[in-house]
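Across the two complexes that follow, chain A remains constant while its partner is chain B and subsequently chain C.
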Partner chain A sequence: MIGTEEDVTQDLTRAVGGEHVSSRPSDVMFYARDCWARRHLMPDDPPRHPVWVVWPGAASEVARVLQVAGRHELAVVPYGGGSNLVGGAGFGDDRPVLVVDTKRMSRVLELDETSLIVQAQAGITGGDLDEYLRVRGLFVAHMPTSLSQSTLGGWLATRSAGAFTSRYGRIDRVCMGITAALPDGSVVRTRVAPRRATGPDLMHLFLGSEGALGIITAAHLKVVRVSKVRVWLAGGFKELSQAVAAMADIMSSGTRPVVASIADPVVALRHSGQPSFMLVCSFEGDGELPVVQRDEARLLVLAHGGAYLDPAAASGFWTARRNDVFGDIIARAESRVIGEVDIGADWRHLAMVADDARGRLESMGCGVTMELGFFGLEGGALLCKWQLPEISDPEDVGLRQDEALAIVLDAARRGGGAVAHHRGVGRQRSAAVRAQLGNRFDLFADVKRQLDPKGLMNPWLTEGA
Partner chain B sequence: MADTISIEAKARQLGSILKDDQVSILAPDRVAYSRDLWPRGLIEFSAGRPAPSPPDVVVWPETTQDVVHLVEWAAGTETPLVPYGGGSGVCGGAMPRRGQVVVDLKRMDRILELDGPNHRVRVQPGMNGWTFEEVLGRSNLTMGHFPSSIFCSTVGGWLAARSAGQASTRYGKIEDMVSGLEVVTGKGEVIRTGNPGAASLGPDWTQLFVGSEGTLGIITEATLKVLPAPEMRVYRGYGFDRVSAGLEAIRRFMQKGLLPSVVRLYDEFDTVIARSGAGRGSEADTLVKEVMGRLTHLTKPMLPWVKVAALRAALSKPGWLNKLADGLLPKLTGQGCLLVVGTEGRPRLAQAEADRIHEEVLRAGGRDLGPRPGEHWEKHRYSVSFKQSGVFYSGGFVDTMEVATTWDGLLRLYEAVKTAVSPLVFIMAHFSHAYPEGCSIYFTFAGSSDDPEQGLKLYDQVWNTALAAVTRAGGTISHHHGVGRSKQAFMVEEHGDSLELFRMLKRVLDPKEILNPGKMSL
Partner chain C sequence: MLDDFEKELAYCAYCPKLCRHVCPVGNAERRESVIPQAKMAMGHMARNGTVSLTEDYASVFFYCNGCGLCTEFCEHDIPVSEVLFEARAEAVARGVQPKTLQNFADRFYARNERLVRKLHGLVDEHYFVEEAQVAYMPGCDLIDDSPDDVQKTLDLFAAAGVDYVSIMESDLVCGGYPLWAAGYQSEFRHVAEEQARRLSGYRKVILACPACVYTIRHVYPKFGVNVTAEVVHVSEFLDTIAHRLPVKQTVQAAYYHDPCYLGRWLGVYEPPRRLAGLVTRKVLEFAHNREQADCCGGGGLVPDVAPQTASAIAERRLEEPNQAGVGVVVTACATCVKNLGRAGRDMEVLDIVSLLHRSLE
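Presenting the complex of A and B:
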């Protein structure tokens, strides 16, 4: 750091106004972490926390804050809803840290109802954005479980996925352009067009960069009109591999399901009364088309040996899933003995990866449930949840959790899949992801050096590269 | 420096890297690879300059390792490389200059893995578009990518320029179909993007390399999505009095989540072209043929000289022609604007989707013209870009400009370009490649002059005027042809300050600037 803490505080005050700068213990302790369970299990010793938290109100203020950070060579951690489950907003070195909370930038800047595009500031929570749109008969085509807690900026920074991803793609397919403040204190805006052929799509530099290249301050997103008709399909399968094969066919059939999931028998039993793997799809639109889509998808369920289940089982599953609010996930994480992680695999390996992870977790004594979802044309994600067996020594819990996590990530690797699907990389699995990225990670670090030569932004993400 | 090495020395050095039959400095090869299908080059050709700046050497790598060695050599000698596929680009993106080496990738044309269960295929960049679809068709699969250049373009070229096919409304553009790439950077490094790093830390490199037109790396392999071939196609034509009404219909069904494979709305004059030879034999058609007969064959190959003279005479007064098309033509033809919509897929879905679109179009004021216009379109779908218009032999030119914007500004963009350009050339347009958020506009313009030198001047003036109008109206200067040389002067207006990010990527990936320099305003 260059200069004293007082100098920095003064400069930050000039940048955003005194009421939007804090070094109060209650603030810096709160912003010391996100929802990564491991921070609860194995807290830093001594505890680390930022020295300042600032709440800029506009892109220009973020730029000024980054100029201050540059002048004093601080480490900067962008912060949204703090709902990250993998330690995306945490600290890794001894440099004084400045947290930039984007949540004061929470306005909808423009709604173009003719083109169905909304521009909003990055700090808006999904819940607020969704509410703004719903009263106008619209919704944002992105529905993560963390909707009401997480922010638009957080979605983009982690390339998030949600319940509607199978139809509309992950957030990087919903986003049409971004505004970002760069570490040199400039503001850059990528232009919006339905499609273009004028070079790389430059917004992708920042999507998924987890705050290492700059701070996203606003974005244009596609929105969708709420449709009149929604019909459900539920299919029961004895084997997971059959359900996966049926879903693969549905995804390439042109039926375009909006909600698409495969539930574990344990979960399915609650809704269908059958202890079988349950395929769930919704089809949405106007008139007869959703019904025809459902009927076509049903044929594919039958073709793969599935049994046709009461559609109420599917809607029941969806309602339960929607009610599984983010607080429940946090509660499970804080229970210490429960863990979960998202991994990805292609159609040919999804069932294999699931069986592999389940088998090895069970031999550890864990109870395991799986949900498959977030599908694309080539495969999808596996949400793997486990509960550790009773462990006599509480000191042991952290290590056992690490072991369980390693098992699942290893299963993904063995199946040629992704060790991080949609919840970000953070500190939880940066080593595993680095190994998987190979020279792409070095390229990322090269880009970071260009945009952030002083290494201000989330510096430990690329440490050692 | 490259200039200090003679052509023969370059060939010798390259001969030690590649096999003899992979290197050529023969005049016919150098002339053949001196340009792509940028119409400006064709005007130059008619001006007696068939190869204004031939490359020094042409090479044909056969493996990724060949490309790596080429790039290493190029970096060492600071010799620029120009990647080359089918040479069907229309923006000068693959045009080399003296001293440069053309890297033709057409020998890397194999399918490496056809992975049906995962709906994907790994393919080399030199694969020809039509051959590719034929091979996929044998397994009952399709990419759904049908550019009108499909006979003469390659997979690598599609990716380099962010190509769009005629069914893009359903299947997406090539950037929507690609899930991974293998790229050799300007440092000779091999980067594999995409799966399994689908959601990993850092940028989506696939989306940064796609569309970079060979300036950031040479694509040596691609993983593309494939889908079951459609079992049924349904086409229907509709008439609208005005372009604006047709556009409103398209916007409505696209925003209802419907996904037609083909959407084409022709403005008044383009409608006449689109329906020429449709054989309806109506009175109106006959009348139009009386008035504009020769012009209806504007884009047909090799006009007889007699027709060329008449065409020249007509094109020399573009203002008059444009007015005629605007005012008189709809009255003469009584057909206004034609909208063609196609759906495809599993039979029940294709039909149900067509029915829903039908309802929406009628509700928006469209007149049902039945299946004929669509079937006619399908028959002639590739007849546009494969052969060149005879108008070039008369000192004139035909070119196309494909731009796009969001729905709120689409009509404004259309009018702005027409107004700006109509005093100079004859101009018509159709709207294809529709999205829930907006649509592209495909302008065709034809100009005439007394000699090729004048023709070049007019050509440049038209493009500058048109692109300035596009950026002023908030449109993108290219929807799917790319930038190359022809549009690079407008890259600043196109990207604003974010262009610096592209230049930053260039510094990271190609620090010695050996990859396709002089393009894209880098």
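Presenting the complex of A and C:
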């Protein structure tokens, strides 16, 4: 660091105002944590705290903050809702850390109800954005489970997926343009025009970059009109491969489900009373179209050896998703060690990856539940959750968790898959992702060096770059 | 410390912040340290010894309006504000409460003394009847900040032919909610015991302060203090005599704001709405109403600890009527009137009593 802590504080105060700078222990301690269970509290291994937290109110203030960071050579970590489950917060070496909390930038800047585009600041929570749109008969075409807790900036920085991804695509399909502050203190705005073909789209460079290239301060998103009709479809299958094949046909049939998932028998049993793999779809729109689409999809369920289930099982499954998160809380509070990872794979390999991961986790003694979702024309994602068997030596917990994670990642590798979904890389997965990407990771590190020669921005994501 | 709440603290500490979006303080402050999960995590860490409570660490316990909206959204029904008020008591016991709440009990008693005198100056002495069975207890914020509403309430009783309500004769004008919320538990217990003795001299006591109705009904028993009198909020009582109130419609449209203690904590939603409907052509609902109503920012002593935060919460609550171009917000709590009124520069914020009084024929 160049200069003293007092110098930095004074410069940050000039950048955003004294009331928006804090070094209070009660503040900084919570910015060293997110919702990664392993580092959530960790009384025996308290995370290193940032020295400062700032709350800029606009892109220009973020740019000024980054100029200060550059002048003093601080490490900078952006922070949104802090709902990350894989260690998005948390810092490596002993460089003084400045956290930039984006939540003061929480306004909707523009809504074009003709083109169906909203522009909002990056610190708005999904819940606030959704509520703003819903009272106008619209909704954002993105619905992560963490909707109310996470921010728009967080979705973009982790290339998030959500419950409506099968219909509308991941956030990189929903996002039309971004404003970002760069490490040199400049601000870049990408064009929003549809169907643009003006060379490489730099917006995509920032999506999924987890704060390593700059700080996203605002974005334009596609929005959707709220439908008048929603109908549900539930189908039960003996084998996962049958359910996956049926879903692949549904996705390519043009029926365009909004919610699309495959629940494993443990979960399905709770909602349908049947211990089978349960295919769940919702079809939404106006007039007869959703019913026609649902009926078409039902035929595909039958064609793949599935059986109709009560549609209430599908809506019940959808409603209970939030409650499942509450269930995880009990497990963590009772010191049961649970883990989860999301893997993307193509249709040919999805069931194979799931069966491979499940078999190997169960041979470790883990309890396993799986949900498949976030489907596209080419494949989908597998959310794999496990609970480790009781481990007598607490020192073994970390090793066993790493072993479980490695098993799933290896299953993904063997099936040509990759870490997927909206949780990004974080601290939990950085080593695994580096190994997975090989020299492509070096290319990313080269890009980072060009944009961020001093290595200010979330330097631990590309450790060694 | 906080041994009665081990499970609650652990659940919140390990929760992925599922109620953060509804916390009025968290939304106004934007600080991660004052969302419900973090405040409870601080309690969890203090309990298990990971942190030693300092004034700074303990300060987060005091960033809570006690509104209960987080509990409404919690599948585990964790009573976050109740736990945080208990944590405040721990802070007070260790002498690490916020500076603005140091010597709070002394200031509570001094204010009480001043308000007892003020109350006697507000209304005629004939309203103090020693043998009365039914008493009216205006409460501190009403006497202090909406003093005219005391006489207006008595006028409404008279207009409905209710001539048996006396003003409660007491050297305490408050049920003790501020002491409980500040974490001054021994002083609270003393006030509760004293006030319970006075309240129990009546068959029924009508209170204007929802927080004190809640405190007397639900917090006193937790401290082993019971009141034999029936304790009701003034809106509940007025609702029973509304058919005799000679009022006419005088207001075109008004939003009704649910006070947290009256609504979520006591479950009183319809009586004040019915009363407002007597004199208002259109009683408008906030998008967040009844069980999911947003707080005004005035509860939990947040205005004492973080006045700008309390104002920001109120401003956020008033955005909706402002955008709708409706200039009247009616509520049923003097604290809400005070906090919303400060933020609503071009907005008329008034108590249901005041609205009804204005409409007397």
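What we mean here is this: the second predicted complex is superposed on the first by the 439 of 465 C-alpha atoms of A that agree within 3 Å, B and C clash if a C-alpha of one lies under 4 Å from a C-alpha of the other, contacts with A are read in each partner's own complex, and residues count from 1 in each chain.
By definition in this document, a residue touches a chain if its C-beta (ideal position, glycine included) is under 8 Å from a C-beta of that chain, and two chains touch if they have at least 3 such contacts.
Quantities reported herein were computed from a predicted structural model and do not represent experimental measurements.
Novice: In the overlay, answer first, second, both or neither for which of chain B and chain C A:Gly416 touches.
Specialist: So A:Gly416 only meets chain B here.
Novice: On chain A, which partner's contacts cover more residues, chain B's or chain C's?
Specialist: Counting contacted residues of chain A, the larger count belongs to B.
Novice: Applying the document's definition of touch, where does A:Ile250 land relative to chain B and chain C: first, second, both, or neither?
Specialist: neither
Novice: What is the shared patch of chain A, the residues that chain B and chain C both contact?
Specialist: none
Novice: Tell me, which parts of chain B touch chain A in their complex?
Specialist: 115, 117-120, 161-164, 173, 175, 179, 189-193, 195-205, 207-213, 216, 225, 227-228, 251, 255-259, 345-346, 348-349, 352-353, 355-356, 359, 404-408, 433, 435-440, 475-483, 487, 491, 494-498, 500-502, 504-505, 507-509, 520
Novice: Which residues of chain A touch chain B in their complex?
Specialist: The contact residues of chain A facing chain B are 112, 114-117, 159, 161, 170, 172, 176, 186, 188-202, 204-210, 212, 222, 224-225, 227, 245, 248, 251-256, 284-289, 292-293, 295-296, 344-348, 377-379, 412, 416-422, 425, 430, 433-434, 436-441, 443-444, 446-447, 450-451, 461.
Novice: State the interface residues of chain A toward chain C in the complex, per the touch definition above.
Specialist: Against chain C, the touching part of chain A is residues 22, 24-27, 29-31, 35, 37, 40-41, 43, 46, 53, 55, 79, 81-83, 85, 101, 103-104, 106, 123, 125, 127-128, 131, 135, 146, 148-149, 322-323, 325-326, 328-330, 332-333.
Novice: Tell me, which parts of chain C touch chain A in their complex?
Specialist: 7, 10-11, 13-18, 20-21, 30-33, 38, 41-42, 44-45, 48-51, 54, 56-57, 59-60, 74-76, 287
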